[in-house]
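Before I ask anything, let me first share the structure, which is written out below as structure tokens.
Labels for the chains are A, B, C, D, E and F, by order of writing; each one numbers its residues from 1.
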Amino acid sequence: MKREDVLMQALPYIQKFHGRSMVIKLGGHAMVDTDIMDTVIRDVVLLQLVGIKCVIVHGGGPEITEKMKAMGKKPRFVSGLRITDDDTLEVAQMVLVGKINSKIVSLVSRAGGRAVGISGNDANLIIAKKMERQKVRIDNHEEEVDLGHVGEIEEIRPAVLHTLLDNQFIPVISPLAIDRNGNDLNINADTAAGELAIALGAYKLISMTDVDGIMDRERTKVFHRMTPQDAENLIASGVVSEGMIPKVLAVLRALQGGVPYAHIINGNLAHNLIMELFTSEGVGTMITDRDDEV
Amino acid sequence: MKREDVLMQALPYIQKFHGRSMVIKLGGHAMVDTDIMDTVIRDVVLLQLVGIKCVIVHGGGPEITEKMKAMGKKPRFVSGLRITDDDTLEVAQMVLVGKINSKIVSLVSRAGGRAVGISGNDANLIIAKKMERQKVRIDNHEEEVDLGHVGEIEEIRPAVLHTLLDNQFIPVISPLAIDRNGNDLNINADTAAGELAIALGAYKLISMTDVDGIMDRERTKVFHRMTPQDAENLIASGVVSEGMIPKVLAVLRALQGGVPYAHIINGNLAHNLIMELFTSEGVGTMITDRDDEV
Amino acid sequence: MKREDVLMQALPYIQKFHGRSMVIKLGGHAMVDTDIMDTVIRDVVLLQLVGIKCVIVHGGGPEITEKMKAMGKKPRFVSGLRITDDDTLEVAQMVLVGKINSKIVSLVSRAGGRAVGISGNDANLIIAKKMERQKVRIDNHEEEVDLGHVGEIEEIRPAVLHTLLDNQFIPVISPLAIDRNGNDLNINADTAAGELAIALGAYKLISMTDVDGIMDRERTKVFHRMTPQDAENLIASGVVSEGMIPKVLAVLRALQGGVPYAHIINGNLAHNLIMELFTSEGVGTMITDRDDEV
Amino acid sequence: MKREDVLMQALPYIQKFHGRSMVIKLGGHAMVDTDIMDTVIRDVVLLQLVGIKCVIVHGGGPEITEKMKAMGKKPRFVSGLRITDDDTLEVAQMVLVGKINSKIVSLVSRAGGRAVGISGNDANLIIAKKMERQKVRIDNHEEEVDLGHVGEIEEIRPAVLHTLLDNQFIPVISPLAIDRNGNDLNINADTAAGELAIALGAYKLISMTDVDGIMDRERTKVFHRMTPQDAENLIASGVVSEGMIPKVLAVLRALQGGVPYAHIINGNLAHNLIMELFTSEGVGTMITDRDDEV
Amino acid sequence: MKREDVLMQALPYIQKFHGRSMVIKLGGHAMVDTDIMDTVIRDVVLLQLVGIKCVIVHGGGPEITEKMKAMGKKPRFVSGLRITDDDTLEVAQMVLVGKINSKIVSLVSRAGGRAVGISGNDANLIIAKKMERQKVRIDNHEEEVDLGHVGEIEEIRPAVLHTLLDNQFIPVISPLAIDRNGNDLNINADTAAGELAIALGAYKLISMTDVDGIMDRERTKVFHRMTPQDAENLIASGVVSEGMIPKVLAVLRALQGGVPYAHIINGNLAHNLIMELFTSEGVGTMITDRDDEV
Amino acid sequence: MKREDVLMQALPYIQKFHGRSMVIKLGGHAMVDTDIMDTVIRDVVLLQLVGIKCVIVHGGGPEITEKMKAMGKKPRFVSGLRITDDDTLEVAQMVLVGKINSKIVSLVSRAGGRAVGISGNDANLIIAKKMERQKVRIDNHEEEVDLGHVGEIEEIRPAVLHTLLDNQFIPVISPLAIDRNGNDLNINADTAAGELAIALGAYKLISMTDVDGIMDRERTKVFHRMTPQDAENLIASGVVSEGMIPKVLAVLRALQGGVPYAHIINGNLAHNLIMELFTSEGVGTMITDRDDEV
């Protein structure tokens, strides 16, 4: 296709998205390779230039585990759930805010944009409470486990996001929160992205992972469009499984909360974000109840 | 080139142009074919969406002549200069404002934008005075000719343009003016575009014609970039000749008045406007004193 | 009456109208005499100076017919309804936008105001759909006639008017519209004025014609004030007849749509507009459901 | 002259004055007759409605003297200069602010406007210092006299006036000031009006007195227009004399400070203010260095 | 207590009150001693600096009576109610606006703030109607008495207050009003303060009197906090009596109208205002239906 | 001193500082004790509430060293200058942004304020270039040393600070910067605070350290006020020595750049910040060229 035709085909999408806000979740795995991350960030800066208000939410589980090991500390998991003790919280904050968030902010600068890195405790953006003890199965019996400094979101106060977005800054958000007594808490990045999308009245929530989208049972083809009901059925029937389940549940929660479109796409392939948003076929999975084009 | 790469290559240009204003002159010849005009207008709407403040100035000489003939009136020219008598002025107004301008406005609507068609007498946008008698050579002797209701621009009052641009409307301007006593005058569209670009502090003046740009003596290759001095030399040496001379002089005047970049491109080829602005090589001729990229 | 007393008597009216918007319809017949038109326009500029937001809507039927004849084209009417074929639409656009509208804009300039001439297809101001085939009586039988490029108003998007009015420009509107596919359509000026008045939340709709207002059966006296019900009765009883019927129906529709006052006055008498608005007796007919003074 | 012609003749003046500010000094004598004052105030409200930002400054000497007598106190004068002791200051404040200012505010309300009565000590509007001892001739010898709580203006802080004017309130100002230690001082109303006009960048200073303007030696004719130099000559030659001298000096000082036009008119004749501003001949004396019309 | 601890203890109160408005009623008795008044005004200026929007309403009964006597006029009372005849109204205006209000404005200046003194007839702030004849007991029989120029509040138009508060001016209001025909009326200052608090959506109404608050029957202890119901019971049981009754009724009316907190405190003790607002114990009586700490 | 007197004594300072901005540098040592830090932060929140625009800049050298050791990495110093290799930069970022900055932000939340933690690379706030090789004395000879990823400030782009301050957020800034190619650099916190104060046009730069201010040679008394010249003399004479030298040089540079007042105070004593700003005697050292009271 000719260069100019590509630009012209993007026109109706640019018109539709102009002035709307989108929350883009960058998965922890996708952020290992700086080159990949760089193309993702360039896509985001392009989106902002054509008038889309972008908010980036990032995760960072793998890097936290890795850094803890490097510091000679042993990450603890019970049934796959991380136990966030004092040491873990400290490392999580340092890695999320001091390393990953800073890196994203620098990449935005290099791409010519202006980002402001914040976390959920800045300006009381995300108010959470300590998560209740979770029931988990350990060796054939159920046990209640205290996950430590892990929070469950109670309230979003998006004032600081509006201030930044209205002044053409891209907010980059680390998944940390603050409780009503001022204590820091670690929170799940997928859930945070969803709640932020709801609180902002975002037009789209885009979850960038390391798979191509929601796939069929044989993992041979990606579903490009489905309804929330379809997604629930795929979970129930076991087609969506394991690590994909919490991601899908997080975007379903956002759809329920009024976000009209959610996307799950592969962040490891260059410019997938642009391709998903600006072409009719798309590259990953879009979940929506609406039946309009786009 | 892959679709996404095209979009990404446009990124630095979009960043550079964001928030700036550009005056786009549409030549009368280019406007005969509605399909061509339609792609030009789509380009302009795309420019606006990526944050460029676009002002369209159109001409219309050929259509005026044609319409006069259709009405049984004989257009008069002396040495190639049109004599604008009362009848001609009336037809010019009707054709420029009532036909060409309206058509451009409708095409912007179809492309999803919002245009407001005005002429130089709206809101006292262009104040002119009747042009003095011109010396022309007729049959080997020089004679002074009164060109009729033709004006020479004295002042631009751009308030109405700022009002429209700040509210995301695309102004489409017919080359008519008003004198200080409220009389209508026909003015040259190239000159008007240049003066408007100066008064607006425009970043670029883009003259869309029916040739590919400024070409060498053999008409085999387009100069893609030159300085105002180069252009003057080409006029002096006769390489730039005939109808191209007034177009080049008009953009040189704009460059002198502080507009940093002027472009002369072929409006008959689809998406030439996008190609000229968003690629490093360009397709037509850019004239500038600056030696930066872009 | 002494000069200063006149000014002081105008005071309560000026106070009442300050900051309100009024739509003033100029009839096609009234616009033949430039001197008359000039006094009308001076009145409008005065209204704006005392804080009234004025919108001018003009017609132009007679001039279209005349111009078509001058161009050797035969205007077609079926039972008094104009058939707007391609040629007619082109001439209508040229005459309305390129001639009448431009003339009004120039007159505003001469009177010291700033007008911006637009038509219903600028900035998608008036969205219409092609009128359905009309049943008309021809030679004792009823027939369905396609009136051509004639539209029925579906939606007003007044954004451009607010932009202009808030910046002290007087919008001058030609009765053309655009359909949802971007095709131009001719529309009735009285209807357009009424719909614009409703969409703007105008305080008054003033229809300037070539008769003195609604008159009694003997055409000897003007009714200075009546209710919408009165006006309907006068139509039913045949006192209001012929060309006056559509004008009265248009203002009744505006009153139904929430415009509190409608006036029908003679535009051929100098300063009738000022006299109607700024004196208690008035000169034409005011139709309103309210029973307050003014 | 016909009613509508009067209004139309006012048009160019209204256009010229629109958005400009004028300071109107109401003399103490003129304020004895409530009916006269009422017509003056109606004129001011009309001026505001046509877009002029009006500031009223009032005096009140005669009423202060009268009220002191009524309270059994003896006003003291030395060579015609009032001695403002503690008692006099208290009465002056009560009469100026509590009586005259309040009355003007109420009259504005009745005329449909909104006034806010303040004095020079509100919001530190007028900063003054106690006047130095004045040399006066008493019985053939010169003596230095302490005039008491009388101030000489040092600084105007017009913030509160801009706040009120920008919100369509008419400020009504009593001639009192505050010194840098917070002590109240009486000041001359003519001087205050002049300094306020300068600080506001007013277009006109209008001094309303009980004579018809500056007259010739025989007191038979009013000079309708003169330059500041003319006025100085008339003082030097004794044609302008006695009570008129300080009034003329005050407006000359304002002209020197950049106010382009000053007027001295008779406030006792109904609607003189309107007549002076809105007719070419005027009724009183205009002093200006400019030689344009108006 | 250490200096810095005092400031830090004030912090939560400052946070709670920031951006809210408070109406402060200064009683006539409290205003006899300039030193006391000076400390009250300094407190108000401090409140404004920490972000509270303060409105001062003052009374002045005792000074009116005193001034009338000084002028040889006899104040008339029937059963303790003042009869406001023409003379009384004139003196009331002069004393309230010209003396007390001016004095407060000057004190604000000295304390470094900016006040604007207005009365209820400025900008139509307080619209009232003449009070109906009141039934009073005279010598064992009931009689209807015309209280003269005394008004009952019908409407508050707070526009001028918002204009002043939004521009960091402190409005100082004299208890005068205007009726719908433009006549001045005297009104009760406590009632005016309450109605202004309601119209402004004030957070607190603070009535500064010459007693320590609402006290028990033996006058030995102040109730620091009570509900509106408590206050009504104390009136019914006669514990609240005489001059205190109208003050308590006025604040109860404000509480009913939506003002959340009312305070009655002694204005004669230095800095009581600060102490009441910025300490948990307080010094006077707070009446509120809310049961939060404040 | 009585509680209310303390508040009233603060009044003139609050008035003087209202609306001005202050940059507060928190030294790394001062931040070890959370309780101390908590009182400092409460002071800052109080400052903001009384209308001061506060910007916090923090250091963190000691914590970086400590954390490196905990991670088994050896901090390298040459002649007391830290060598910032890749590992050190990573730890510095994690500790500064992820730990110290986050902690300050949380403390602001607990104190009822809203902070936004950013570093110099957010929104291109601080543009630096890699520091040139430094000459240092090692074992009696001079050697050039590459300090690694350490920057020298070239430009401050304070847009993001204005956006945050104008919306009542407290910016908390980590001393990191970005070079023109998007590489991260560590920078000196004192220097950063000084440059930010200059770029913001701050009224005061307050350096909080762990000594009481600039002291005499015997370390027995603090100089409470001095001129920049005094400070330079004290450095020249060796009275100011060692670690204090760079702090004093940084504030002198800010004073040179136009910041009118600099303070060096002990951040380890509770509420020293309040005491320094709101009392005439102060507690630490103020350096200024001005000779007014403050």
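Assume a residue touches a chain if its C-beta (ideal position, glycine included) is under 8 Å from a C-beta of that chain, and two chains touch if they have at least 3 such contacts.
Please read all numbers here as calculations on a predicted model, not as lab measurements.
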Residue-number overlap at the chain D/chain E interface, same or different (half cut): same
Length of the line joining the C-alpha centres of chain B and chain F, rounded to whole Å: 56
Averaged-CA centre spacing for the pair chain F and chain A, given as whole angstrom: 35
Per-residue multi-chain contacts in chain B, two or more chains: none
Pairwise touch network: line, ring, star, complete, or other: ring
Order in which chains appear around the ring, chain A first, chain F after it: A, F, E, D, C, B
Residues of chain B defined as touching chain C within the complex: 70-72, 90, 93-99, 101-102, 105-107, 109-110, 114-119, 121-124, 159-160, 163-164, 167, 169, 176, 178, 181-184
Complex contacts: residues of chain B adjacent to chain A: 1, 3-8, 10-12, 14-15, 18, 39, 42-43, 45-46, 49-51, 111-112, 270-271, 274-275, 278-279
